[in-house]
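Each of the two complexes below includes subunit A, the first together with subunit B, the second together with subunit C.
Our next item is the complex of A and B:
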């Protein structure tokens, strides 16, 4: 399934909706949007993942990228994370910088 | 700001349909670079090298890329390949050259070899030896190694899978790095501040001709690759991340991480063994070969890595630097380290360059280096290992002496005294950090079995009980194996506590075997390398069943932490006593040993040991500085009086006399 991504910024919150597979090929697109969001000085990043079917190791790394790009104290929230993906994120410690709902 | 893009980021030609350019010789292995992956591999005797690329899990390669002659510098073949999806990539090398075993060459171009520098191996299934490219970015946050003084360590030796694999472990990912993270609160409660992980480098779990199982893993195939099957995220190829997370969480808990590393041999065996990597890459360089080009077998496993060859030395150094810098590990225990002091012909070197390099390496400066200072060919270097004032040693003589003393052997009391104060006969110039004291390790009986079996019971290992050490210095206390005889059980309980108390009150670095604090048994098997099951896994039900023993061990560790004088000090800080104060009895028939460690102030500890089956009344020396004697532990007393909470020890009613029970150890402390 092809990867689709779009971002919506309202106030200090950037919401990024992802669909399809987030892997090494698609991860740079997410990183680009995160960089744009940082340029627009958001304090909150929400990733909508319920249409995401797969997140690879490179995809998980985007969370670290976002965490390190955003100003300290920013909130990163994942919404609709598939249970297996959530488990992988937790077991490799990448959950320290984010909230999962 | 625009950054100047390097020209290197562009391919110069196409090979087998892939855009490539000449790579960089260093670093070895597969490294992500802008736009692609740089592959670099060494072979001194190859005539040609081909990079073989696979899609994940595919039976056939998607491409084979021969290294053009122009891509070779010296004996190093390097190529950057562009536009690879590394997460969906497996690779290996096809290496051609002479197949002339009589000259030491075993090239075989029909085989695809794994990269000795592979950061990951597939690790399971039919293609388990294929190499993978690791994503190495990780959010370490503010991770800082504890950097504990060496002599303050209390090491806990554990097997990553065995520690949480048992269903009773209660963790969400049994048998994995992540499972171990969930047991950190247990380690904190016990009080250990350092874990020593049995091999975590990729090894072949079926490498065993007798039972088909290799559980311990002293048979590496991927020295840079954390074992994928120990990672619950191994399926997603995130074992590197999961391992780093483990180290980070242990550090956060103040616990250091040592790796048990095996550089003396590989899983490739001898002439009959498989060709997985080194053998086909450059057999004559990587292995010690006899004059007629057979394999030297100083390791007892078929081959011996040629670790003092300059190329192999560089390999070992690169590997340890990688684990220290990329994984933040705090040190290493070297399996059969005496081999690391042998030259290419097996001869003992006076100034082994590998050991010297490791001792003085800038990246490894703060790492603990611990040698298992013997090998399988009879070389025994405990006390004489080339240490460069840096290496410490598994003190095999400590183990043997304490075992003999505890079971009541005659004539070992004097040596026991020497072992208790840091084995100055071996390490006087070095201080107490030089000796790693242990009574049990993965190799041999568990502590419970040490006091439950006179003989090894290794029938299940498939070698007719011929494998494993015959000299165990063990005693079954009256009945071989499991029993419900209360008198036998009482003696075993006391001897177990004697061992733990002596270990934790000895100068030197104590090492505990995981599970000994809750009475783990292997049913008398003293060489359980080949069992991946309940026999070798920690049964967490024992935590409740033997809660008394756990509490005792926890208190003994806490007591050690509270008393610096037990961890080091001048020879003048130890005073010897006996049945009479200030009168030690060093005669051959004496089984009573009393040491008073006085560090000044409140830090004065009186350790009395009696391996005789009769009680003895001990005249106590006057406590120094007007203090009074308090009782910390007495293994003759029933739990919970066998040890008190450090800092809350009750005062002795009689300050002049203490009766030490039969086969008991007691510790007094001043307040």
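Our next item is the complex of A and C:
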């Protein structure tokens, strides 16, 4: 299944919708968008993942790096995380830093 | 004054016809009288000599010096005299070219070391190069005042004028004043800049061996053999060296017994400049033992007691007296051990504390240290670890920021050296603590993480073509070549190649006996031996491009040396000699050990310096200190361990003396008797430097790693190699620990056959299943962890 991604920024919230498989090759696309969100210093980064079937470690690295670069106190929220993706995230310890719904 | 003020100097005087006889004769005698060599130069037009005639008496004067061949580097003064000399010398056959004499004068003006003396009509010679006198104060013959002003010079109505390195005179009749000014200027330069001696009082430290003591004056011989007399005063205090947690011990009542020849003493006092020399009056003496030739820090338990106090300090600072809770752990600890404002938990500082606590348990068997280590390793696993399933590797966050229970991962380094990158150095030190703990417990979870991190090193940091490991990778693609790395892109350095061995890899080999680790050690030491020693400096080269050409442009390092890295190489090469010996390892270690003291140590006060320029600048005889002449505690550690192992394996009284002197300075000045722990930095004279971040006790450069490593290995080397005394170590293997169920108890990489395992106890009961020569214990099956005591003893010759 091909990878699709788009971002919408409203106020201090950036919402990124991902669909398909986020592998090592598509990770730079996610990195470009989260870098833009970091550039705008948003307070909330929301990822809509209900259509994401696979997230590579490279994808998690983009999110962790983004969290480090966002202003202190900013939140990352994952919505609709599928179990396999949640397990990938749990293995990186990043689940301690974000909200998963 | 009988002193020859121009001794060794050369005065060159330009000559042509129509010179003023009296003037030239005066210069010749006057400068010669002051010890200078006087040389006459002219344009010889290809002849061996030319004879000129004077202006007034037509006196003949033969000149053999060719100004076209003159070497200005050997000339201190260049004089353009009176008469028509300058006008004749400014003749040029090619009107588009400067005359040779003008070119020489121009070159002399370019060198501020050379004093230019121009008198009377001599200023004409500067006309074609007016820029050399433009804006400068001059005098000249009254006939030339307009010329001087046209050249842009500031004509000054005086007989003699000095403008920095330019002396001008009005007429030949003023040649005496003109010459005297030149002599004063050259002589002042030599006294002011070449022979400045502080003529004020200052305080300083002398470290030395007592050679005599009479009438209140101690004769001392410093580490490098200089004799110093130190006077005692009514207010001189004296103390014995003491360990952490020991009270002040006054020595002033025993001076006559202590100040007998051969004893080593630190004398801090005041230097008074008197009678062309210094009178040194001691205010504080530190004795290293209860009698001359005795060194308290060579007692069998000195370092064991020290590591126990270090462990207690860090335990109390992080967790108080209550339960161990790493949620409360903070990297930033102030001088007294209280926590700072920062809410950061760095992976490497926790790992370093785990290293220190594991080492403390090994030496003391205190359960609490093991608890702190085990919970620290678990915390690292739960909070700092990134398990990458795609690549099947493990890497470690720089740290986490903890605020109101929420955790923000700090993925890339927060340090300026490594910003926005994953530095090899941090990944290496993330393994330091868990690996040392693994030696004790054999915890399979630790083993799995170490293996995962080693796969990271091999797959992403390693250069498969030219060997070695890159210093940084980027956080997204894990590439050492990503452009976001900036000055850290495609680089290798001492840490990324050389720090594996001391930080974790030797300990990992000791724990597992796995030849893969010996292979990796061999590769790194071969690369160190091949690329780091260079002929351009006594210090090793520490930074490289991918192809191993030196990088002398990087950030703070430039072309600079860290003294301790040189010593660390010597120390670890000698450890490697016990793993896979090679002649080149030993030769390089011995070479570094022999050549370092005059470069990196302080011969007057003892101790080892920090960062210096690798090369001497022009006219320098001492490698310059980059920021300061302070002494960092870990440089002392490297020196003590390097010289102990050199003395214990390569042998030699000289290496043993260096080890002892280094340990003396460390123990005398780095232990914080007031607050606990050790100081980060001391001034050259041993006083603690306590400003800014150097007040902290928990940072990545402190945090109980190297200070504990010193206690652990100094115990091993001192007892087993130097004093030939036994040593008991403690282990706590888990029921599932060590896949082969073999506990390896060798305390360090020691020469085969030097140490044997004498006896073993398991849970307090004598145990027989061990291999004395291999220093291994076949572990029993058990339902819970067992306590193993391993008694090691030197093998008699």
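The rule is simple: the second predicted complex is superposed on the first by the 100 of 101 C-alpha atoms of A that agree within 3 Å, B and C clash if a C-alpha of one lies under 4 Å from a C-alpha of the other, contacts with A are read in each partner's own complex, and residues count from 1 in each chain.
Note that a residue touches a chain if its C-beta (ideal position, glycine included) is under 8 Å from a C-beta of that chain, and two chains touch if they have at least 3 such contacts.
Predicted model only: the values in this text are computed from it and were never measured.
When the two complexes are overlaid on their common chain A, residue A:25 makes contact with subunit B while staying clear of subunit C. Of the two partner chains, subunit C is the only one that A:62 touches; subunit B does not reach it. When the two structures are aligned on the shared chain, A:6 is found in touch with neither subunit B nor subunit C.
Of the two partners subunit B and subunit C, more residues of subunit A are touched by C. Using the contact criterion defined above for the overlaid structures, shared-chain residue A:72 touches subunit C, although it does not reach subunit B.
When both complexes are overlaid on chain A, the residue A:97 reaches subunit B and subunit C alike. In the superposition on chain A, A:41 contacts neither subunit B nor subunit C.
Across the two superposed structures, the residue set of subunit A contacted by subunit B and also by subunit C is 23-24, 56-58, 60-61, 64, 67-68, 88, 91-94, 96-97.
Listing the residues of subunit C that touch subunit A in their complex gives 382-391, 397, 400-401, 403, 406-412, 475-477. Across the interface of their complex, subunit A is touched by residues 85-88, 135, 137-139, 141, 173, 176, 178, 232-233, 236-238, 241-242, 244-245, 248-249 of subunit B. Here subunit A touches subunit B in the complex through residues 23-25, 56-58, 60-61, 64, 67-68, 88, 91-94, 96-97, going by the rule given at the top. On subunit A, the positions that touch subunit C within their shared complex are 23-24, 27-28, 31, 56-58, 60-62, 64-65, 67-68, 72-73, 88, 91-94, 96-97.
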